[in-house]
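Below are two complexes that have chain A in common, paired first with chain B and then with chain C.
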Partner chain A sequence: MSTGSSISGGSAKLNFLDKIIRDYSGLAIIMVAIFLFVFLYGMITAPNFLTIFNLKTIVRDAALVGIMAIGLTFVTLSGNFFLLSMKETAALCIIAFATGMSYGWGFELSFLFTMCFALVAGIFQGALIGLGGNPIVVTLGAAGVLYGLGAYWSDNLVVSYRRPHGAEWLGTGSFLGLPNITVAFILIAISAELVLRKTNFGRQVYLIGANRAAGKATGHENFSMAIKVCTIASVCSAFVAIAFSAQVSSAQVNYFSSEFGSSGDMTIMVIATVMVGGNSIMGGYGSTMRSSLGAIFISSIDNMMVLHGFNSGPRVFAVGLMIVFSIIVFALVRRGSRTEE
Partner chain B sequence: MFEKTKKWLTGNPDLAFAMLLACCVYGYFAITNEYFMTGRTTFAIMERFAVLGLVGLALTLCIIAGEIDLSIGSNAALAAVIVVRFTDSLGAPTALLIAVLISTSIGIIQGYFIAYLRIRAIVLTVGTLMLLRGVALFVAEEKTVMLTDFRIPDFITTKYFYYFSPASILVILVFMLVGFFMSYTRYGREIYAIGGARKEALASGIDLKRPMIIVFAISGFCAGLGGVIIGLRSGTAQALGLQYLLLAGTVAAFIGGVSILGGRGGVIGAIIGTLTVNFLNTGLVFNVTPAFLVQLYLGILLVIVIMFQTGSRIFDQSQKRRQLLSDVDLRRLDLLSRKHKYQKPP
Partner chain C sequence: MEPLLELSNINRSFSAIDALRSVDFSIFPGEVMGLVGENGAGKSTLVKIISGFDNEYTGSLKLNNKETRFSSPGKAEKMGIAIAQQELSLIPTMSVAENIFLTGDVAPVFATKTALVMKAKDYLSEVGLDYLDPYLLVDRLSVGEQHLVEVARLIAHDPQILILDEPTAALGESDSIRILDMVKRLSDRGKSIIYVSHRLDEIFKICDRITVLRDGKSIDALPISELDVNGLVEIMLGRELKNMFPSRNKKVKGEPLIKIKNLWPDGLLQPVEFEIYAGEILGLAGQLGSGSGEVLAAIAGAHKSRSGTLEFGDLVFLPRSPKEAIEAKIAYCSEDRKYDGLFLGRPIIENISSPSLKSISKFGVRSTRAEKELSQDISAKFTVDASRLTSEAGVLSGGNQQKVALGKWLSINPKIILVNEPTRGVDVGARAEIYQKLRDLAEQGSAIVIASTDIQEITNLPDRVISFYRGAMINEIKLEDMSAIKILSSITDPYSETSMQKEEN
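What follows is the complex of A and B.
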C-alpha cells in the first residue's frame, strides 16, 4: 500500500497529528465533521423535526428498507457483494401474496405461498453464486427473470383485494402506539443481530466473508453458505412485499421500481443502506445493527429534506452523495487494512 | 482458409458459442417471421445497435479490466437530459459536445477514485448511480424534457447506404477505434493485464491509475454518446429513464465472451453480443411481445450464458485437477521405479 508501514518501530517520534494525516484518516474526519455540521444545522432549522411523532415517522419509513437491508447484510458479510435482485424478488412476491389474498386463501396460506417463491428464488440464485458465478451478474439476470415472471403472471395489472382482510393487522395495525411494521423491524433487527453474534451460523458467515480460503480449509464451503444467505435475503424481501401489500391492499410489479417511499430505486436504496451503515463490501466486517442504523439515518436525512421542502431531485442527489461519501470515508479509514482488499 | 477459421474458432470457444447463439436467435426469428429478413428490419436493428452497442462496448471494456460500471444507465440518462435540454438554446453540436464531455469527465473521476482508493468499482458506481440520477433530475427539473425543433431527430434517422444512419456510422467508427486501441496499443494491453492478473500486473510495474482511468473514461464516453443518441433521436429525455441499459449491456457483454474474472473478451465479441440482444429485442417486437416481457427473456439469456460459463469453468478446473493428479502419479511411479533401480545394484 502507498501509506507505507513505519519501519521505525517503537520510536514513536511521529506526533498524533502527523499520524492521522499519514493514515489519511484526517481527511475522513474532516469530511465527517463537515457532514455532521450540515446535518445538525438542518435538523435544528427544520420545523417539527425533533418531535416524537416525527421520530416515529422516521423509524416507520426506515422499516421497509431496513428489513431488506438486514437481509442483504448477511449476503454482504459473507463476501458475496450484494444482490441486485432485491426489488424484483419483492415484486414477484407481492404478486404472489396479492393473488393468494384475492383468491380468499387467508393470510397464513398466502404468507406460506409467498415464502415458497422467496425460497425458490433464494436457493436458485444462491446455488448459481455458490458454484462460482459472480453475484452481481447472476442477480442482474435473476432480476430480469423474476420481474418478468411477476409481470407475466399479473399481466402487468394491479391485483387488489377487499379491505376487511386477514393481513390488515400487519399493514395498518399498531402495538403499544408503534405501527406493527416498526415493531417487526425492531424484532427482526434484534434477532438478526443475535443470530450473527451468538450462533454458529453467524460466526461461519463472518469466517467465510473474512477469509474464504480459510473457510474452505476448515470445511465451510461457500456453496451452502451462499444458498443460506441468499435465502435469508429473499425471505426478507418477501416479508417486505407482504407488509407493503397489506398496507395498500393491492399489488403491482412496479410498486418497488422507482420513487418508492423516499427516493430512487428500492434495490439501490437497500444497497445504499448497507453501505452507509459502514459494512465492508468485501465481507467479514460489519453487522446488521449497522444496517438498521443506516436505514434510520438515511430516512432521517430524507425526512429532514422533505421538511425543508426539497423536491425529489435534490433528495436523490443527497442519498447518492451520502453513499459516495461513506464509501470514500470508510475506504480512507480502512486504507491499508485487509478488509477492503 | 477453412482450416484457419476452424483453428481460430476452436481457439476462442466463447466467441464460437456467441456466434452460434446469434445465428440461432436470428435464424429462429427469420424462420418464424417473414418480415424479419428484410432491409428495413436490418436498418432497425442497426439503429438499436447504435445505442446498445455503445453500452455493450463500455461494459465489455469494464469487465475486461475486472470491474463493472453500474452507473452506466444513469450516466446515459444524464447525457440525454443535458443534450435535450440545451439543444434549443445552444444548438445541437455544442450541446452534444457538452453532454459527452461531462459524461467522459464523470468516467475519468470515477476511474481515478477507484484506482486511488483501491476499492472495487461496483462499490463506487452504486453510489454514483444514485448521485447521477439526482443530478439528472436536477437538470431536468423533474420533468420530461423535450425538443422543439424536430429537424435533428430527422437528420439522425436519415438512411445512408440502405442500412445505416449517421448515428450507427458514428458508432461503427467508435467500435473500430476502440478495437484498434485495445489490440495494438500498450494501453489496451495494460487494460487486459489489470483484468486478467491484477497482482502480477501491479508487481510488474503497471500503474493502476492509468488503465483504470482510461477504461472508465471510455465507459463514460460510450454511455454519454449512447444517451445523446437516444435523446436526440426521440427528442425527449427522462431523468429516471434508461434503466434497462445495464441489463441489456451486461447480457451483450457476456454473450460476447467476457469472463467476470477479467482479461478475456474483445470488441468483436461485444459486436456479436450486442447483435444477438438486438435480434432478440427486434424479433420480440415483431412477435408482438409486451415490453415488460423483454426483460424476462433477457434475464433468461443472461442466466443461460452464466450457467454455460460457470459450467465450463468448473469443467476446466476438474480437468486441470485430473491432469495434475495423473502427472503426480506418473512422477511418483517414475521415482519409485528409479529408486528400485538405484537400490538394486548393492
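What follows is the complex of A and C.
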C-alpha cells in the first residue's frame, strides 16, 4: 500500500502535512496512521526483522505470488475481473514441466512444452470471456478442467526428476547475491509497468477497463483484449509453476493449493495481492506496480508475524483484514481526489 | 402575498470553488419558476439545497415564513418539497402502480395489486397519463411516460413544491409537450413548480418568473413578460450572444462524398438511401424512435443493419464495427456521452488520444510528446483548458465533456463526422461554440451529419434536412424551404394536413 504514489500535486505554499489534511478524508488518514503505527511497532519489536537477510527473504517470498499477481492485474485492469483458475493453470503447467524434465527433455524444451499449455488455457478462456462469457463462470469451469487434466495426467502422484537437471539456476540459483527468482520478479515488475505506461496495448487495457462501451466506440475491442490479458495471466502462472518446480525438483497438482502464503491457496493469495495493491476491481484504475508492492507488503506482514511467533490462523486473519482495510482506504482516497466542477 | 419558499444569502463552497455566492431565491404558491443558467452556474447545487440533498450551506431557508434546514431529502419531502431528478428512480420490472407507491408510506395497508391500481389512477390522471394501464411494467413505457410516472409518484405525497430538473433533456418533442402540459395543470391546482431547463423555448412557454444563476450568483427573478429569448440569453451569459447559429453554406455541392445505398438498420421499417456531400452539415430530424439515430449509428458500424453499403470513394463497404469505420475515417459521437463517449475515470488527454493511438506511436510504443501536442492542439481548438488535460474527464461540466467527446475525433482527421444530439445537456455558451466548430469543420471539407430531436437546432444548423418518422425516411428538406413548422410537421405527423395547420396556429 503506497500512499506516496497517490498524492496529487497541490499548491506549493502548503507543506506536506497540510496538503494531506486538505486532500484526504479524516477516516482515511486515521486508518493509515493506525496501520503505520502497528506496522512500525511490529517491525521494531520483531527480532531480526530489519536485517538484510530478512529483507531479502521477504522479497523472495513475495516473488512467486507477485509474478502471478502482475499477470492477473492485466485482467483486472482491463475490466475482465479475475481469473479464478490461476492456481489450476499452474497445477497443470507444473505437471507438464516436471513430466518433460523427467523424460530428460532438458530445461528449454520442457519450458516451451509447458508454455504451450499456458497459451492454450489463456486463449481459450480469453476468447470465451471476450465473446461475453461471465469471467467468474468461465474461469471456474476452466479451473476444473485444468486441474482435472493435471490430476489425471499425473495420477495424483508426485512427478520428480533428479539433480542435476539444468533448471536449478531458476529455482535456487542467484545473481549478485540476489536469488534469481527475485531478479525475475523485479524484471517482470518493471517491464509490466513499462508496457502499461508506454505502449498502446497498455493504454488499451486502461481504456477498455474504464469504459468498455467507449472502448468499442473508439476502436478498442474487448474480444482481443480479453484473449491477450488472459494469456498474459496464464503465462505468468506457468512461469511461476516452472520456477517452483525447478526449486523442488518435482511436481504435484496440489502444490498450489497448499504451499503458498499463510492460507496456502495460490488463487486467493494472488487476488488478495491485487486488491491490497489498491487496483480497482471494476478495472480502469491501478497498476502492476501496485500489485508488486502489494505482494511485498503482504509478505512483510506475514514475515513479521512469523517472527513474532504467530501461527497460520492469525496470519490468514491479518491478510483478510488488510484487504478490507486497503479497499476502504483506496475508496476514500479516490473519492477525495475528485473535485466537483 | 407571502412567498411559499424563500432562500436568502445562500453560500456554498466545495473546497476551493464557490458554487453559490449570496444567492436569493423565492417562489409563491401556484407559481412556475424557471431556473436557468449555464452549466456550472450553480443550478444543481441550489436545487440540492432546496431538496435537502445538501445541507452544508450558509444562509437562511424559510418555508411558509418559518426558518428551516433540511437535514436529509426525506425531511424535505415531509415538509412538502419533492424533486424529480434527471436520472429516473423507477424500478423497470415492476408495474406502474407499484412504482407509484414504491416508498410505501401512502399505500394502503393491504396493498394488493388491484388496490394499488385503483389508487394509482388518480395520480396518473393528474399527470395526464389517464390512458395508461397501471398494470403495465415500467420498462414498456416511453422515456417521457416514465418521467411522468416518476412525477405521479411524487404527487402521491401531495407536495407543495415540485422541482423538475431538466425533465425534457432526454425526451423527444411529443413527450416534452406532455411534460409541459402537466406542469401547467399542476400549477393551476395551486402547486408551486421549480422548472430547471436548458431549453429556453420551454421556459418561455410555461414559466411565470425566471431566476437566472450566473457564476454562482443569482440575478433578481424577472417576470416572463419582461423578457425575450435573446434578452434572457444575454443575462445568462453576461454578454450579448449575437447569433448562436453560424451562417450556412449555400454553395453548389458537386459530387457526393459518400453514397448510402440500401441501408437497413435494425429498428427501421424499410431501407434508406441518401447521399452526403463534403462541406455540408446534413441534419437527420426525427423524434426518439423515429430511426434517425439508428441510421447514424449504422453508418458508423455501431448498430446492426440487415443490408446496405457505403460507397465512399473507391471504398464500397459496410462497417461491422466502429473500428472499421474509424479506419475509413468515419467518426461517430453517440447521444449518450457517459455511456460510450467518454472514459470518465481517465484523464482528458487519454480521452482525446483514444481513437488515434496508432498515429502517435511507433511499433506500439507511444510517444509522450506526440500525445501531448495532439491533445493540446485539440483542446485549443475546442477551448478546453489545456492545464486540465491530466484531470479526469468525469470532473468536467456537461458542456466541456461534450467538447472532449467531440474533439477527440479530430485526432483521426475524419472525413465524415456523425453526431447524435450534439448539444444534449450542454449550456448555451458551449452550444454556440460547438455549432461554430461543426461549421468550421464542414468548411474545411469534412461532411457533418447530425441527428437531433431539438427542433431549434435541427432548423438552424444544417444546410439540408432529412426527416424520419416511426422508422421510415419521410422527405428531404432543402435550405430554401427549411422552417421549424415544416420540419416539425414532417417528424410528428407527416401524413396529415390538419396537423400542419394546427402547428401554424
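FYI, the second predicted complex is superposed on the first by the 302 of 341 C-alpha atoms of A that agree within 3 Å, B and C clash if a C-alpha of one lies under 4 Å from a C-alpha of the other, contacts with A are read in each partner's own complex, and residues count from 1 in each chain.
Rule of thumb we're sticking to: a residue touches a chain if its C-beta (ideal position, glycine included) is under 8 Å from a C-beta of that chain, and two chains touch if they have at least 3 such contacts.
The shown structure was predicted, so the numbers you read here are calculated from the model rather than taken from an experiment.
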item: When chain B and chain C are modelled together on chain A, clash or fit; value: clash
item: Chain B versus chain C as contact partner of A:Asn311, first or second or both or neither; value: first
item: Partner chain in contact with A:Val145 - chain B first, chain C second, else both or neither; value: first
item: Which superposed partner A:Ala233 touches (first chain B, second chain C, both, neither); value: neither
item: Chain B versus chain C as contact partner of A:Gly320, first or second or both or neither; value: first
item: Partner chain(s) touched by A:Gln204 [first = chain B, second = chain C, both, neither]; value: second
item: Of chain C and chain B, partner touching more chain A residues; value: B
item: Partner chain(s) touched by A:Gly219 [first = chain B, second = chain C, both, neither]; value: second
item: Which superposed partner A:Gly133 touches (first chain B, second chain C, both, neither); value: first
item: Touched partner set for A:Ile67, first chain B, second chain C, both or neither; value: neither
item: On chain A, positions contacted by chain B and by chain C; value: 340-341
item: For the chain A and chain C complex, residues of the former touching the latter; value: 22, 198-201, 203-204, 206-207, 210-211, 213-221, 284-285, 338-341
item: Contact footprint of chain B on chain A as seen in their complex; value: 1, 81, 128, 131-134, 136-138, 140-149, 151-152, 156, 253, 258-259, 264-265, 268, 271-272, 275, 281-282, 311-321, 323-324, 327-328, 331-332, 335, 340-341
item: Contact footprint of chain A on chain C as seen in their complex; value: 14-17, 19, 40, 302, 321-323, 326-327, 332, 334, 339-346, 350, 354-355, 357-358, 361, 364-366, 392, 394-397, 400, 408
item: Of chain B, residues touching chain A in the complex; value: 68, 70, 113, 117-120, 122-124, 126-135, 137-138, 140-142, 239-240, 243, 246-247, 250-251, 254, 260, 290, 292-293, 295-303, 306-307, 309-310, 313-314
